[in-house]
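Input: one structure, supplied below.
Letters A, B and C mark the chains as written, and numbering starts fresh at 1 in each.
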Amino acid sequence: MKSGSNLEKVLKSGQPAVTAELGPPMSADPHEVIKKANILKGFCDAANITDCQTAVVRISSIAAAAIALREGLEPVMQMTCRDRNRIAMQADLLGASALGLKNCLCLAGDHQSFSAAGRLKGHPGAKNVYDVDTCQLVGILKKMRDESKQEGGDPLEVAPKFFIGASWTPMGDPIDIRPMNLLKKVNAGADFIQTQGIYDIELFRSQMEKIRKMGLHEKTAILGGVIVPKSAMMLKYMDSSVAGVSVPKALIERMNKAKEAAGDDKKKARELQEAEGIKLAVELVQQVLETPGVRGVHIQAIEWESAIEGIVKAAGLYPRPTFPTE
Amino acid sequence: MSGESAEEKKGTHFQRVAALKETRPYSPCRAACPVNTDVQAYVGFIAQGRYTDAFEVIRSVNPIASVCSMICHHPCEQSCRRCSVDEPLAVRPLKRFALEKSSEYRRNKRRLVEKTKGKSIGVIGSGPAGLTAVNDLADLGYKVTIYERHPVLGGMLAAAIPPYRLPREALKEDIDDVVAKGVEVKTNCEIGRDISLKEIIANHDAVLLAVGLSSSRSLNIPGVEGPGVLLAIPFLEDVAFDRKPDLGKKVLVIGGGNVAMDVARSARRLGVANVEMVCLESAEEMPAWKWEVDEAVEEGITISHRWGPKAVRREGDKVKGLEVVKVTQVFDTNGRFSPTFDNNQTKLLEADTIIITIGQMANVGFLKDSAVQVDDRGRVAWDPKTQMSSAKGVFVSGEVVTGPGSAIAAAASGHKSAMAIHLYLQGEQIEDHLPSYEKEKIPQMPPDVIEKINREPRMPIKHLPPETRCNSFASFEFSYDEETALKEAGRCRGCGGGAVVDKNKCMACLTCQRVCPYGAPVVTSYSEIRPEFCQACGLCAPECPGQAISMVSYDVREVRDTMKEIVGPLDASRSEPLVVAFLCSHHLGVLGYRLPENVRTVPVHCTSRVDVNDILKAVECGADGVAVVQCAGGSCKYKGIGQRVAARVERARQLVAMLGMGAGRVELLTADSSDGKSYATVCNDFSGRIMELGLRKR
Amino acid sequence: MIIGSQKPIDEIWGMVKDFHKVLVFGCNTCVAICHAGGEKEAETIATLLRMRASQEGKEMTVDFSSVMRHCEPEYFVPVMDDLKKYDLILSTACGVGVNFLSDRTGTIPVYPGINTSFYGAVESPGDFVELCAGCGNCILHLTGGICPIARCSKTLMNGPCGGTNKGKCEVSKDIDCAWYLIVERMKKLGTLEKLAEIQPARNWSTSRDGGPRRVSLEHIRAYEEQEEKKTESEGGKK
């Protein structure tokens, strides 16, 4: 075992892995994290703890991950390249490991100008760091873990043992570079991959075919991303504005129909769309898992953690496997 | 340091760029003029309504300006680059217009010139050459005496050119200019009759012979002697001095040159209805200017081409007519004058009077036995390099040595002689130090530039109808009215008046190359603006980020530097907004300037010349509002101007807005260029909008 | 070349308002080409400042002038006496010029009249684009001639990130994704395979992160220093 994390164990066992996502609050109050951890606990093998997602200040990924761990939910600590240089990053990784964290997902991070897609003020004037990029960060983690060395070459007395993840946008443009992009992350040392949300299953499958030909699915565990849709509007927005996400018209139509079935009743329209969204998510989870080379799913129910239970159950992925503690 | 208190500039812009112009090819009009009159410059001034400035340009090189404004054969027009677009500029009529407009100014300017040199010069003859030399020598501070055999000054201009072509008032303006400098004038003073050459030489430190070609050539044919056969010059002298000769009912003029035209047309004006001309040449071969021929024909004069005089037939004393013989060839294959005749073809042209007009020659009998040598063919020995005759201190000028030519060519000769005399009297070398009027000129416009120029027909010159004009010797040509003159002057493409790059400031940024509608600039290590392409629109200068571009024809900083005076004193109690309006002076712009009291106008040759900093300067100097008024539609004289100017105005608006004054204080307006009043209308409307914004606090 | 851009007049006014004799000093090279700080813009700023002074009721002389460059002493030394007639020089050169001149004007302050934006090209008239960050360690041969340091919002060396959207950067629809361009370019060049190589974490010390930089050419400096010493010792004798 590289890290001994639950996620690693699940994947090693050959069963499809399920990860979810927990977004920390813009608050110093830990209860939001505790609440969300308890909602997710038991329905996923690990939950990603986002790192100031959309470039908005929230409880740090490490701290929130530590809280989740305390609550019995295995966290995947996310680490972006945006805010820290390699010194801060390595220091944080040592600290995270010391706190018992075992999974780390490396990301470039949303640009500081993102500011929750303009809904919040954020800090667009912040200085970005990008001392190293995702690929390089993966390499640093691997070097620390496997060679007990810092990036600069200095030794580590005790190495942090992380199950190393990286994000991947399989269908981002330019689309033909994406397999190579994954190859680099795998070569750098990514043990698992979580992908950007998949709606266009056909396109995803054609990309996976290339990945299989390259044999990458055997060198890393690919977890297909599923973003639970809440409304027709959200699908349209993701189709038009979220990088690397395209939503087939048929799916948007299905959501539209659900919305229209409610007539003028807005509350009912929301309920019907949410129900349809969960149905859709379940189908997507199944389709993703049926895709050869995929080892699990990463289900993102953004600010809607309560949806996970139903989806996981409906997809026949419940209960989650457990392993005796060493 | 260039700044708010820009250093005092010396002289006018025209004077300041004179040296620069010498380093560049001349405009073709200027190069073609025998005295290199800067036609482009003065036409440009006319277009801007600056008539006295135009006068200064003209008069600075041409002491017989008014004469030329009436009779010049205008080689400038023939060489005008507009010929390849549509028709040449009507330069001569524009010159006439400018001179007439500035006659008051001109008269008030006449001053005595102090005699500083302590030397005296005698000038024999006061035609174009003599008068020009007198003018230059007087300006240099010499004491000058003119000896003229006629009762008035002017030589042939006064004694031979018929007044319908050259009104004597025009000639008088030129003569008065010269005489006012303090010149001693001896008229009715013929050398050899009233005074001897010896005496003149003894009385002066130098003498100039400018006696012209005052004798007519005659024909050696049977019957030529006797009454009823006249020579051109004596006849024209009779006309000039109002001694009306009796010509009978039919006049036959022998000759096909310009003097023959003068003779024939004068005869018409003496009441002879039937005037015929006979010449060796065909219509195409005739040496007379085509317009002279056309006008003569209009006046009912008939021309028999390709007949040569054989004998004068008489009944007793009285002339019956001229027997003529058919001409088979005028010029040989080498183009030399060598007429041949078919003696089998003859006919009789009936006439009561025959006037022989086949050329002039010098009358230099008075030089016999003098120190001035004359060869056996009657030509004065003369060295063109020094302008001097064989006698030391005796110079020769004009047609007596150069042969027949134009008045302005004689004037050029006068300039050279004056300089020669000056150098001689100062003990300096003459050779190689005389002015040369042979200058390199700007090449023809490239075809793609020609395509970009609007076709604008030349403004016609109005004449009295032939039936009226033949009743008198009064001038039959009308001067342009102001509106027409401005339109005509606006046709000038400003050749040679265009953009010049200061290499020390140019950073080769390509801006000029990008903005020029005519592809004139070529940027390598710095920008070079090719004069054959440049239309002098001025678009590039205000765009240049290094302010490296200046213009030959105007001072790009003048508007800014004089804005304080343009705006005038600021009246805190004013009730109307003070508006500065930049107006296109093309079209009717100058006339359209009669704008409301509160509008200060800044005439610009094209709004392309308005700089953002000009606009800002107007605001700085206190304007409540600044308008740049463009001409509507496709009437702009240049291509690609509108959007660029609009962008500048927008930039100025943003800058003014930055100061919290409101962008609305600066506007781009459009006026109908064919209607001068529309400038007033749009400026008035703008004033109204400024009033709403409020007057600026002082 | 160096691209500059205007400062708001309010900001400039804040700098100059307590001075009485101000020279707006233009630089006729890079910043003139981008219409930010050449003689023309210097005159504009001077005019605006005079107007502002008049609005505020301040007595102030504001002149303008320019030289070819502010970053080499030979250009401005000849006008130094003129410069010293002012109590403030507002330089519209880039920051290099402002620094450089400021070190050489004694007690007269030199303030910045424009913002120095970046090193760029003139993509089309009036459109200037950043193409180089001056990082001191050029890797353009690895990236199809397109610089990820200058042109990727995240300076990624192993891009693209997941933020590429229809060829544009996640930061703005108006910004091209540098990595999109790199991929397309390298496809065309037939060198796409090169991108499979992982670019290691960079040594940023050649960039600004290594402190202010200097390039000294030994072969030229050796001679110059000798000359300088000679001048010094001669000066000492006197």
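The criterion applied here is as follows: a contact is a pair of C-beta atoms (placed from the backbone, for glycine too) under 8 Å apart; a residue touches a chain by one contact, two chains touch by 3 or more.
Since the structure is predicted, the reported quantities are computational estimates derived from the model, not experimental observations.
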Category of the chain touch graph - line, ring, star, complete, other: line
Most remote chain, CA-based centroid, reference being subunit B: A
Closest chain to the centre of mass proxy, which here is the mean CA position: C
Subunit B and subunit C, separation of their C-alpha mean positions in angstrom: 54
Chain centre separation (subunit A, subunit C; CA means) in Å: 41
Inter-chain centre distance, subunit A versus subunit B - centres from mean C-alpha coordinates, in Å: 87
Footprint of subunit C on subunit A - complex, ascending: 81-82, 86, 108-111, 113-114, 128, 130-136, 139-140, 151, 167-169, 172-174, 176-177, 180-181, 183-184, 187-188, 196, 241-244
Footprint of subunit C on subunit B - complex, ascending: 1-5, 504-505, 507, 509-511, 514, 544-548, 612-613, 616-617, 619-620, 655, 658-660
Touching residues (chain side subunit C, partner subunit A) in the complex: 153-167, 169-172, 179-180, 183-184, 187, 192, 195-196, 198-202, 204
Subunit B partner contacts - residues on subunit C that touch it in the complex: 8-10, 23, 28-29, 32-33, 35, 38-41, 43-44, 46-48, 50-52, 54-55, 61-66, 68, 79, 82, 85, 122, 125
